[in-house]
Amino acid sequence: MTKTRVGIINVTGYAGVELARLLLNHPGVELTSVTGRSAAGQLLGDFFPHLSDADLTIEANLGEVDIAFSAMPHKESAQAVLPLLENGTRVIDISADFRLRDAGAYPQWYGFEHPAPQWLKKAVLGLPELYREKIRSAQLVACPGCYPTGAILALAPAVKSGLIRPEVIVDSKSGISGAGRSLSLTTHFSEANEDVTAYSLSGHRHLPEITQELALLKPGFSPAITFVPHLIPMTRGILPTAYAPLVAGKLPEGKRGEEELLNIYRDFYRDEPFVRVATSSPHTKYTWGSNYCYVYATIDHRTGRLIAVSALDNLMKGAASQAIQNMNIMLGIPETTGLEAAGIYP
Amino acid sequence: MTKTRVGIINVTGYAGVELARLLLNHPGVELTSVTGRSAAGQLLGDFFPHLSDADLTIEANLGEVDIAFSAMPHKESAQAVLPLLENGTRVIDISADFRLRDAGAYPQWYGFEHPAPQWLKKAVLGLPELYREKIRSAQLVACPGCYPTGAILALAPAVKSGLIRPEVIVDSKSGISGAGRSLSLTTHFSEANEDVTAYSLSGHRHLPEITQELALLKPGFSPAITFVPHLIPMTRGILPTAYAPLVAGKLPEGKRGEEELLNIYRDFYRDEPFVRVATSSPHTKYTWGSNYCYVYATIDHRTGRLIAVSALDNLMKGAASQAIQNMNIMLGIPETTGLEAAGIYP
Amino acid sequence: MTKTRVGIINVTGYAGVELARLLLNHPGVELTSVTGRSAAGQLLGDFFPHLSDADLTIEANLGEVDIAFSAMPHKESAQAVLPLLENGTRVIDISADFRLRDAGAYPQWYGFEHPAPQWLKKAVLGLPELYREKIRSAQLVACPGCYPTGAILALAPAVKSGLIRPEVIVDSKSGISGAGRSLSLTTHFSEANEDVTAYSLSGHRHLPEITQELALLKPGFSPAITFVPHLIPMTRGILPTAYAPLVAGKLPEGKRGEEELLNIYRDFYRDEPFVRVATSSPHTKYTWGSNYCYVYATIDHRTGRLIAVSALDNLMKGAASQAIQNMNIMLGIPETTGLEAAGIYP
Amino acid sequence: MTKTRVGIINVTGYAGVELARLLLNHPGVELTSVTGRSAAGQLLGDFFPHLSDADLTIEANLGEVDIAFSAMPHKESAQAVLPLLENGTRVIDISADFRLRDAGAYPQWYGFEHPAPQWLKKAVLGLPELYREKIRSAQLVACPGCYPTGAILALAPAVKSGLIRPEVIVDSKSGISGAGRSLSLTTHFSEANEDVTAYSLSGHRHLPEITQELALLKPGFSPAITFVPHLIPMTRGILPTAYAPLVAGKLPEGKRGEEELLNIYRDFYRDEPFVRVATSSPHTKYTWGSNYCYVYATIDHRTGRLIAVSALDNLMKGAASQAIQNMNIMLGIPETTGLEAAGIYP
């Protein structure tokens, strides 16, 4: 039997190379083509020595594949995948180019006119916990951003159950790899080490994604979200801490309320292979190098607020491994195939 | 002329040793006595090789001094300084033991009955930006905690000017040194490195301090604060990000509102030698090893919220150097004496 | 068919928990018993949340298994495994207790009289690159330490080929996890971060192991090794840099000598699944979380010295995954079973 | 009285900005001019927010000063300072351009023909521990590199006293700031964090400097040095570990030899304000942000080798603060002026 052929557009960034690592070891597919602008012609295993057994040559253009992953930056990703979509290739896009349903949001948030609004309607958001059924048959899966994955998983059960009011604050902390492999002072070791800062205070591009998805979870829920990301001195990991006023009277008083809240989360994620409801505030270290996301929620009784936290690896559940989870669903193979690895601790 | 004699109770912790470093180099006082339980009898310069010129012997009990700094843990600090207070020594306490005005808060938050509620009335909070005049003549100065220092400086101008409503969220990120020099899994390198976590979700001890001080800033303002601290993998630095709904109509629309907001902050801190109002979101790295605190505030126009951030070194403005700033005020010498050092970058 | 039952003595340290992570996911064996002193009675998945699916209960004593891994500290490990050895259980020991062939070395280097010198004769060193054939049928495999694994793999081809004289210097750099999960100032984040130090200058316990193995590689070779380990601020990884005078006339002059040297290394490791001869100085990051070791050697032409470097993950090829490589060999299953994962980058 | 006017050429790199921080706070001189290519026209305090009080404008060309510091890269530094030298300005050069006495070494090691060999004869190496007297009256002081400073201070007493043979190995570990503020994958946080690597195995540019200075220490001593630098994941700090065979019979056997060795080091550095002979292996953390260098030496009795270690801050004693120590000597003011700060711990 011929294995499904898969390819990666832009294998040379961090999401791209993580896709390669996972796909090279995936029993159900064969990685047959990878592209990279500046590295074209080099062996993948020379460019990335940790993959030195990979004797795939990095190409300028993608060869024929059944499923194409795009790890291109936004705007360029749409340009790269539209021809593939037109010829019927299934596409899993890690960029932001097909995440937002409203084409009008692209000029505002990303500074370009969307080249193919018709595909925004066909695209399915690649968050299996919300869209598993649609992903199965999707031709185009748009994986959510690393920040939205964490924020949505932290808040979805509370929103869905009508527990919170729309005044939501999401304060996220991300490792530096989220800023990619390109060079900038922001990612310079001596600048980022022993430092923390908040950024994008006037509005980060992941805000409309979070808002869109929380709104879709419950008719009539119009979230007014303040989202502030922070860079912290570690390579991997995202920890969003979310705050929202609880709707009065939905949960019992005291400890019993906390228990019921966790039970609502447990019910929501009961059949999810990669979401674990924690019994206390989780650490991103639980998830290092894995597709797992740990979620926790509790009540600030003094103020009547929900505090919800999630922990994940931004390059894995926040990017590459979640893309492969989507691929598994699209292929109808067990969702955990090739993704069984636990987080690496310490 | 005889120099003022100063002493440090519990020099062996991180706040204590930072006090020693600063006082050994302070031109206006002489460090004449330092104590440390387990290290008694050793030379300070042997115990801490970076201070190897210091030929002061660590003692079991404090010698006679004019001003005593206490870097003892809470509860023990009160026990240590009460005899000194009774004999008239001026005391600068870095612990929490005299920060809260309500003696009844101690059993609830710290698990002990306060041994000397009469001193809670006499104590002055050692935050010069709010209490400079009272500090001058105080016998007992209770330095605020590292988290409260950052949170209060970030929010004080907004509260004082009536800009915000009381629904305040403070999400703080702290380096590991805030957890002290004692040993625990929390401070183990392999556990803390490449990790971030939220903690004390059911209520951190610094919450009542923040609440007390914001309430005192404006009559009738009753803050309902959710405060969640986080540990991030760096040694020094605290960055609180604070969120609160803006009172409608107080600030102009758009960019002009942001400018006026910053001007209100600039006015508030105009004469402060150690608070710098930044023009963009500050980095803790600006403050490494210094007494400076950088403050920034802006508006989330989509939701009508204030976002206020401050950045400081938790062991300096959050502990040791702020204590010395208080000492300078108490002694009537220039407030910046011995504290002129800029942050060390990178 | 019944799977081979395996167990871990002392699962609660870093080597132990890494063994658990790998064995839980190993297709050829079943992890049926784990022990831990202080944690007995707790679920493994509660004690280590990154393994939260593991519903094995940590026990005080090991259940019946076919192969037992010991991750106990030295001296205690021998005590723990001797009864197992006597009853015929196969044992893979990660401690130092059966690494040295000379029982007399134990009082000198480890401070205890060896309780079972007869087992020192039967034990096989668990370095498959040198002892694969003996490991197959061994009852007791003594895995080498993390430092010796790196040093021996860096130098073995040069020693075996008679390229170097015995005046060897090994300068090793290790991540903090090598110091284990127990608490000490050495492993305190605030002490270890932004710091590097050399330690054990009067002689580290891994020195006799390195000396023994290099001597065994070539009759008449009596290495005089200076070995100095260093702690550097990262969690995982060991990088030994080894220096030795080249025997004159063995290699061609100039670049050709460098090429021939690398070819000697390539020949030596030609069939090794987990040793990769690099084409330039390797990074420990190539190996993060994997069983791979990268080796590189070159010539300092100015002085006629060999410079040899290896890079590995101290908890993996330096401890847990190498133990499993040994187990695979003992079981006669493909040596790479359960160990295929590449290093996780970045 | 007019203060000495000093200026910094290329203030925008890490050595440059450290010079600025120290000179702005120096009581004996006035920083009147700073230059920076890309940043010309900006306020120094805007470009570097930790110096936000500095209202000096960054210029394209240096204004008139009495002493000019050059923090330019090699080759460009010579071009920048030659006109100043010709007009009589005293120059302290942090680059490599005047460190080597042999003009012929520049094409080989730095790839350019030296533009002014006559100044190589006049230049004095800016290592006060060796050249204090000549520095006093020098017009041109060439500060040694960060690696040579550490290596020379670690070995000088042993060489001078004839204790070691010339077969010297120097294995150095440096924080990332040594690679400067420019952008490269080498200094990318996600690449450098959790990683260590050896580099420049075919010969680092600092090797001829170390060789030159050790040779000058003792007539007839011709060191054959292998020098291998390593990058480790921290911002600041250098720790060279040096190895060399001891000349037989120079030191007593056993512990007494170790004591005598340390006494030789203590004698050598007896009057040095910034070198501290440690009593055990030092940590770079002792020196963070300070001009101190800790030196330690011991004997590997098994092999008859010296092991010598030093610890320093590469941007301070390895660059900026050492330059200021030289300036103090040139000005005839106390050598410690403006440099009294102890290392910042933790």
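Residue numbering begins at 1 within each chain, and the chains themselves are lettered A, B, C and D in the order written.
Quick note on the criterion: contacts are C-beta pairs under 8 Å (C-beta built on N, C-alpha and C of every residue); 3 or more make two chains touch, one makes a residue touch a chain.
Every value quoted in this text rests on a predicted model; they were computed, and no experiment measured them.
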Checklist entry - So which chain is the furthest away from chain D, centre to centre on CA atoms? => result A
Item to check | C-D against A-D, pair bridged by the larger set of C-beta contacts | outcome: C-D
Item to check | Interchain centroid distance [CA atoms averaged], chain C/chain D, Å | outcome: 38
Item to check | Approximate Å spacing (C-alpha centroids) for the pair chain A, chain D | outcome: 46
Checklist entry - Residue numbers in chain D touching 2 or more other chains? => result 14, 175, 177, 181, 190, 193-194, 233-235, 282-283, 285, 288, 346
Checklist entry - Which bits of chain B are touching chain D when the two form their complex? => result 14, 17, 21, 24-25, 48-53, 177, 181, 194, 235-236, 276, 278, 282-283, 285-290, 292, 294, 340-346
Checklist outcome for this item: As the complex stands, chain A meets chain D at residues 14, 175-177, 181, 183-185, 187-190, 192-194, 233-235
Checklist entry - Which bits of chain A are touching chain B when the two form their complex? => result 167, 169, 171, 173, 175, 190-191, 193-199, 201-203, 224-226, 228, 230, 232-237, 239, 241, 243, 245, 281-285, 288, 298, 300, 302-303, 305, 307, 309, 311, 346
